[in-house]
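Order of writing sets the chain letters: A, B, C and D. Residues in each chain are counted from 1.
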Amino acid sequence: MELTLNHYLILSAIIFAIGVTGVLTRRNVLIILMSVELMLNSANMTLIAFSHYLQNIDGMVFVFFTMTVAAAEVGIGLAIVVTMFRNKGTIDVGNFNLLKG
Amino acid sequence: MDFAVWIVLFPLIGLLFNTFFGKKLPEKIVGWLASLMIGASFVVALMITLKLAALDPEHRVVEVTIFRWITSGNLTLDFAFLIDPLTSVMILVVTGISFLIHIYSIGYMHGDSRFHVFFVFLNLFVFFMLVLVLGNNLPILFIGWEGVGLCSYLLIGFWWEDQKKAEAGMKAFIVNRIGDFGMLIAMFLLFYYLGTLKFTEMFPAAAHLWGHSVGAPAITAITLLLLLGATGKSAQIPLFVWLPDAMAGPTPVSALIHAATMVTAGVYMIARTATLFMLAPTSMMVVALIGGFTALFAATIGIKQMDIKKVLAYSTVSQLGYMVMACGVGAFSAGIFHLMTHAFFKALLFLASGAVIHTMHGALHKVHDHDTDPQDIRNMGGLRKYIPLTYWLFVIATISISGLPGFAGFFSKDEILANAFASEGVGYVVWGLGLVGAVITAFYMFRLVYLTFHGNYKGPEGSAEGLKESPPIMTAPLVVLAILAIIGGYVGLPPVLSKFHLFQTWLKPVFEPAYSAVHYHPHHLSHGLEWLLIAVSVSAAVIGLFIAWLMYIKKGLIAKSDDEQSGIQRLLLKKYHVDEVYNAVVIQPLIDLSRYAWKIFDAGFIDNILVNGTARAVRVFGGGLRRMQTGIVGNYALMIALGVILILAALMGR
Amino acid sequence: MQGVMFIVLALVTLFSALMVITRKDPVSSILYLVLTFFCFAGFYVLLGAQFLAAVQIIVYAGAIAVLFLFVVMMLNLREPEAEEGKELIPIWKPLGYAVGIGVGIVFLSYLASSPGPAIPPLNGGDEIYAMGRADFLGKALFTDFILPFEIAGVLLLAAVLGAVALAKKKRV
Amino acid sequence: MFDNLIAGMHVGRILPEIVLVGVVLLAILTDVISPRGKSTGPVRLVSLAGLIGVLVATILKKDDFGQAFGGMVMIDGFTFFFRVVLTFITFIIIYVSEKYIGLAKIRIAEYYLMLLLALFGMMLMVMANDLLILFLGIETMSICLYTLVGMSRHKASSNEGALKYFLLGAFTTGFFVYGIALIYGSTGSTNLTDIMVYFRTVNTAMPVIAWAGVGLILIAFAFKTSLVPFHWWSPDAYEGAPTTITAFMSTAPKAAAFAAFIRVFYVGFGDLSSGLEPVLWWIAVLTMTVGNLIALRQDSVKRMLAFSSITHAGYLVVALLTWEQMGASAILFYLVVYAIMNIGAFLVAIAVNRDESDEKGYSYEDYRGLGFRKPILAFAMMIFMLSLTGIPPTAGFFGKYYIFSAAVKSGFVGLAVIGVLNSAVSVYYYLRVIIMMYLKERDEEKEAPIFWAGEMVSIMFICVVLVIVIGIKPDWLLSIAQASVSGLM
């Protein structure tokens, strides 16, 4: 079987959609965050696949920065989760609806 | 004509000075400074008019650029003044009347803790009003339009401590926003179609664009939107509700803003954009009908009012209806003519009523009576004996507004009715409306005079001694206005009396392009017919006068409180033996009509359906949307993902 | 050979990704996430991005996943999430699945309409092979991409300061 | 060789950003050497001085326009305009904050550091000529904003706002990166100039996935500028955040996001305008209307301002949709005016608020009779509310005027009508504040003391003056805005 660009693109699109589904269906903040990581990873795969296909290094470099950003976001996100947990004793997003309407 | 800019600079100087130093200075200086600044503006207005008169009639359009104002893309607008005969009439009226009312206010507002603030607002108002009438493009007109609205709101709510007054101010503000919405949209549409908002460029462009397709949907829509703006500002059906409530403000404010100047801005705007309206016959018809119906309905509501200022307020709405009606039948110069004479006699009426209230207030104050309403005509009566000068001034204004021959109001109202009669389409209908309105006008105005000044004094005991004439600083401006209310009409004699109609000739260059854009030729009536019409309208006034005299002098009927009015029929029959037929034919229908008009157009329809109903629908809708903001992140993410699907699906077919 | 590897990796990735979003226990989710990250590293190798594959394992599997695990352990967050809360609309979950699948369908329909040419094989030449090497990437990062590289430093500084400001115990 | 490389980069063109990073480091140092718990004062002073330095650097470099770092960033009049505006806003927020952060119990140096770093991110956004720089800029800004929203750690609402903002922000970042990947895949570059050239040359046979990429990037911008239906986070985050931060978020990041929005969509995707038109049309209509209708039903002034901020973003989309210089300059004008009036309004809200430790607060009730209690404060609020409503002669009127006339000029009459209608609806909730202040009786028993700080008063005063001055003579600001966008197209 010869691999084509679309193999990678379709796979990453599916994983992206799985990540989206995770965000939409879960209420545990940590799992939502993990789903976001899935989305970012699949976007990375798309970038690398294009980079390889185009024989252009920009995509790979971009992935490098996406990883940096992902790490930074997780850092901040977990800090927020920790503060939240200290205040409310839960990380279930269904319980956070003080601000609404 | 660069000196023209001073006409707006004087009020500005006055208000700035009083803003910064007014608090420390004595009343006399503050008041006189503010008044003199307006007086100076009046002098400038006179000079402008004289200069303009010196030019050929065709060249009486002068633009004075002050600074480069807006440059955005293709739109370049200067902050500039357009000076033409129409402007000159307006600035003379505005500055002249304002000057007199400023002087009057020095006496009226005497002793108020925020005396200087009042004059600052008053000067600010004059400033904006002048900007409104002088602007050479729609955005400047709109600035003035909003500015006078703001001042009106500030001045109505001048005594902020009084809850009701402040609410009246708010009502004026909100209702006017509905009209402004129409103005803004019309403005954008005009810019879209014509690419310019400057009057001098706009009208030829409009004539060029729509001249061959008169009544095209676009121009009809634009003019109807403009009309919406005019109905808001000039208190026409359906947006007139704010004006009677606006009477909560100090009386000089009612005289200046809510009678003589600001409320006529809508009429001015229609006259200014006459070319556009002429291009849309449907809109013209709507304008005429709205004016006619407003003239009649407001007059009928006036019959029932017990508050001296409320009567005058409804009469203002009614008179504005005549002006709008005049524009609607294509007689723009007649509308402006009536605008001017109305400014004279209505300002006089309001200021005189202010003097009455002042007198009553003083008398009641003497006997420490703070419960009796000094504005309620049921507490007055017989004042003729105590304040004869005010009485006579009031009578002059009443004769003038009723359209009795020889006085200013007669000439302008007659011209409107004659033009309505001569026009095609709905001409006869609006003429009929106007004529019935004239009868009622004479009736309620003389009713007011009789109840206030004739008969016996009905105020609290002992307070009669306190009734005395207002100080000269208040009565002097009234005398000037009274003279104007008598002679002001002679600048526009009807064709049967004089070949030369000064006022019409003066304004002719302004409205000529509007007529020629649609090849419109005003109809001329034969002399015989004209005499007949004059006779009809004079007899209308006389009939109204006579009914009032019959009811309130001959039969000595006194006005009753609202609760008792339902039993008026029984009252009339038993006590006064008034002819049943007369009662059934004249009085009862009038009272019913009045109550009906009041119910439909004031309390019920406008407030409940238009204002509150829309607000409620919007609120319910907002509440539904608000519930979508659940506060749950998961739901938000779901909505976002749905948005993603929608947008990507929408872009897929590209 | 590559085709077989791709299919195997793809199956494992899909399975573990699904596990990540369906496990009740956060710890097992994290472990499946680590597995997914490893599979991604495998794809990167297949695509000739060896250096990024290494970074993927170090950063994602090594740092990010461990951070998750650390938080779960520290806060002792192993309670299973409640099925239904009173605030939620009942069809929330099925709707979530439907919309998630909808997003997938939209993406796939976009991809389906693009041609999808073959990608060059890895052994197609030194030039291609070299692109994903550390020295190439390093050179790019320090020449053409020097600005983003420096910015990334500032971004990490911001993240560190932010995380500290939020999570530290009250100072005063 | 290395010298050539450096010279080709034009490092000097990003001098303001370099200065800014230096200021951040200096501020961190100040924090470290200051006595424990007493570092905010010195850090604030260093930040303020540093921002003046940034401004000076910006002005020094105002003739040195052009690309830098191989086309990654673009320094032009547009960048200059936003550098100045953003630095000013950040300066003002830092300037007024000191006393407030004591009240809100968030007196830590990180408050100022995060503002400075957010400014850095925003500066990157406005000069980004490459999706990579844009991405990093947005992320730097966002990370700082997540932190700032959650700064009041002891308040559940603050935590919650931060969490929601963060989760949805991260979620959208996923879409954003995926979109960039698709654009990169179809055009072979992340550079806006290259993308433009590509789209221009292959306009007819454009790969389908590029549209998905454009759509996803549009969504990311819609999220950052809080356009419907991606606005959900903003009312909650705005309400939860400390109020100075709310004032900041509704002005500076919004301005930066719109700046980047303009650059990406006018420069990068300029040739796709006709395809994007229907989508943006609907977004504009929904954004104007939804924000407005919900704002009608709020009991908190702060939350009302948050929803109204959504509506104002909708007006900006109307101008964006014109795809013309006139529209772009109207956006710049509006952003400045909006920043002035909104910061002013939020400052009044801070002064009037009853109890900062209250999770919600900012009730309309607090304004009861303010017109008699504090006439000058109430007057200032009235001016801001009138300006937000768009009533002449205030600056807000011209903001709307330019936007809608640009829209009409480009043929979007329907949008202009809906916009004006919406601004008529907005009268109700802005006026409610004025009604409370002037028409309701004072309730002396329930009155809380006014929170005063000299810095706040001076800024409020300047805002009032500017609102009126621009309302009378808007031309100068518009011509600056026009000059700024002239290089863009």
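Convention: contacts are C-beta pairs under 8 Å (C-beta built on N, C-alpha and C of every residue); 3 or more make two chains touch, one makes a residue touch a chain.
Here the structure is a predicted model, which means the values were calculated and not measured.
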Checklist outcome for this item: So the chain most remote from chain D by C-alpha centre is B
Checklist outcome for this item: When A-B and A-C are ranked by contacting C-beta pairs, first place goes to A-C
Checklist entry - From the C-alpha centre of chain A to that of chain B, how far is it in Å? => result 65
Checklist entry - How far is the middle of chain A from the middle of chain C, if each middle is the mean of its Cα atoms, in Å? => result 6
Next on the checklist: Nearest whole angstrom, what separates the Cα centre of chain B from the Cα centre of chain D?
Outcome noted: 44
Checklist outcome for this item: chain B and chain C have mean C-alpha positions lying a whole-number Å distance apart equal to 71
Checklist entry - Which positions in chain D touch two or more other chains at once? => result 132, 136, 139, 143, 146-147, 150, 153-154, 162-164, 167, 171, 175, 208, 211-212, 235-236, 297
Checklist entry - Taking each residue of chain C in turn, which ones touch at least two of the other chains? => result 87-88, 92, 95-96, 99-100, 103, 106-107, 110-111, 114, 145, 148, 152, 155, 158-159, 162-164, 166
Checklist entry - Which chain A residues reach two or more other chains? => result 9, 16, 19-20, 23-27, 32-33, 44, 49, 51, 53, 61, 65, 69, 72-73, 76, 80-81, 83, 93-94, 96-101
Item to check | Touch-based graph of the chains, sorted into line, ring, star, complete or other | outcome: complete
Item to check | Interfacial residue positions of chain D with respect to chain C in the complex | outcome: 5, 9, 14, 21, 24, 28, 36-37, 68-70, 72-73, 107-108, 110-111, 113-114, 117, 120-121, 124, 132-133, 136-137, 139-140, 143-144, 146-147, 150-151, 153-154, 162, 207-209, 211-212
Checklist outcome for this item: Within their complex, chain A touches chain D through residues 9, 16, 19-20, 23, 29, 32-33, 36, 39-40, 42-44, 46-47, 49-51, 53-54, 56, 58-59, 61-62, 65-66, 69, 72-73, 76-77, 80-81, 83-84, 87-88, 93, 96-101
Checklist outcome for this item: Within the complex, chain B is touched by chain C residues 87-89, 92, 95-96, 99-100, 102-103, 106-107, 109-110
Checklist outcome for this item: Within their complex, chain C touches chain A through residues 2-4, 6-7, 10, 13-14, 17-18, 20-21, 23, 26, 29-30, 33, 36-37, 40, 43-44, 46-49, 52, 55-56, 59-60, 63-64, 67-68, 71-72, 74-75, 77, 81-82, 85, 87-88, 92-93, 95-97, 99-101, 103-104, 107-108, 111, 114, 116-120, 127-128, 131-132, 136-137, 140-141, 145, 148, 152, 155-156, 158-160, 162-164, 166-167
Checklist entry - For the complex, which residues does chain B have touching chain A? => result 626-627, 629-634, 637-638, 641
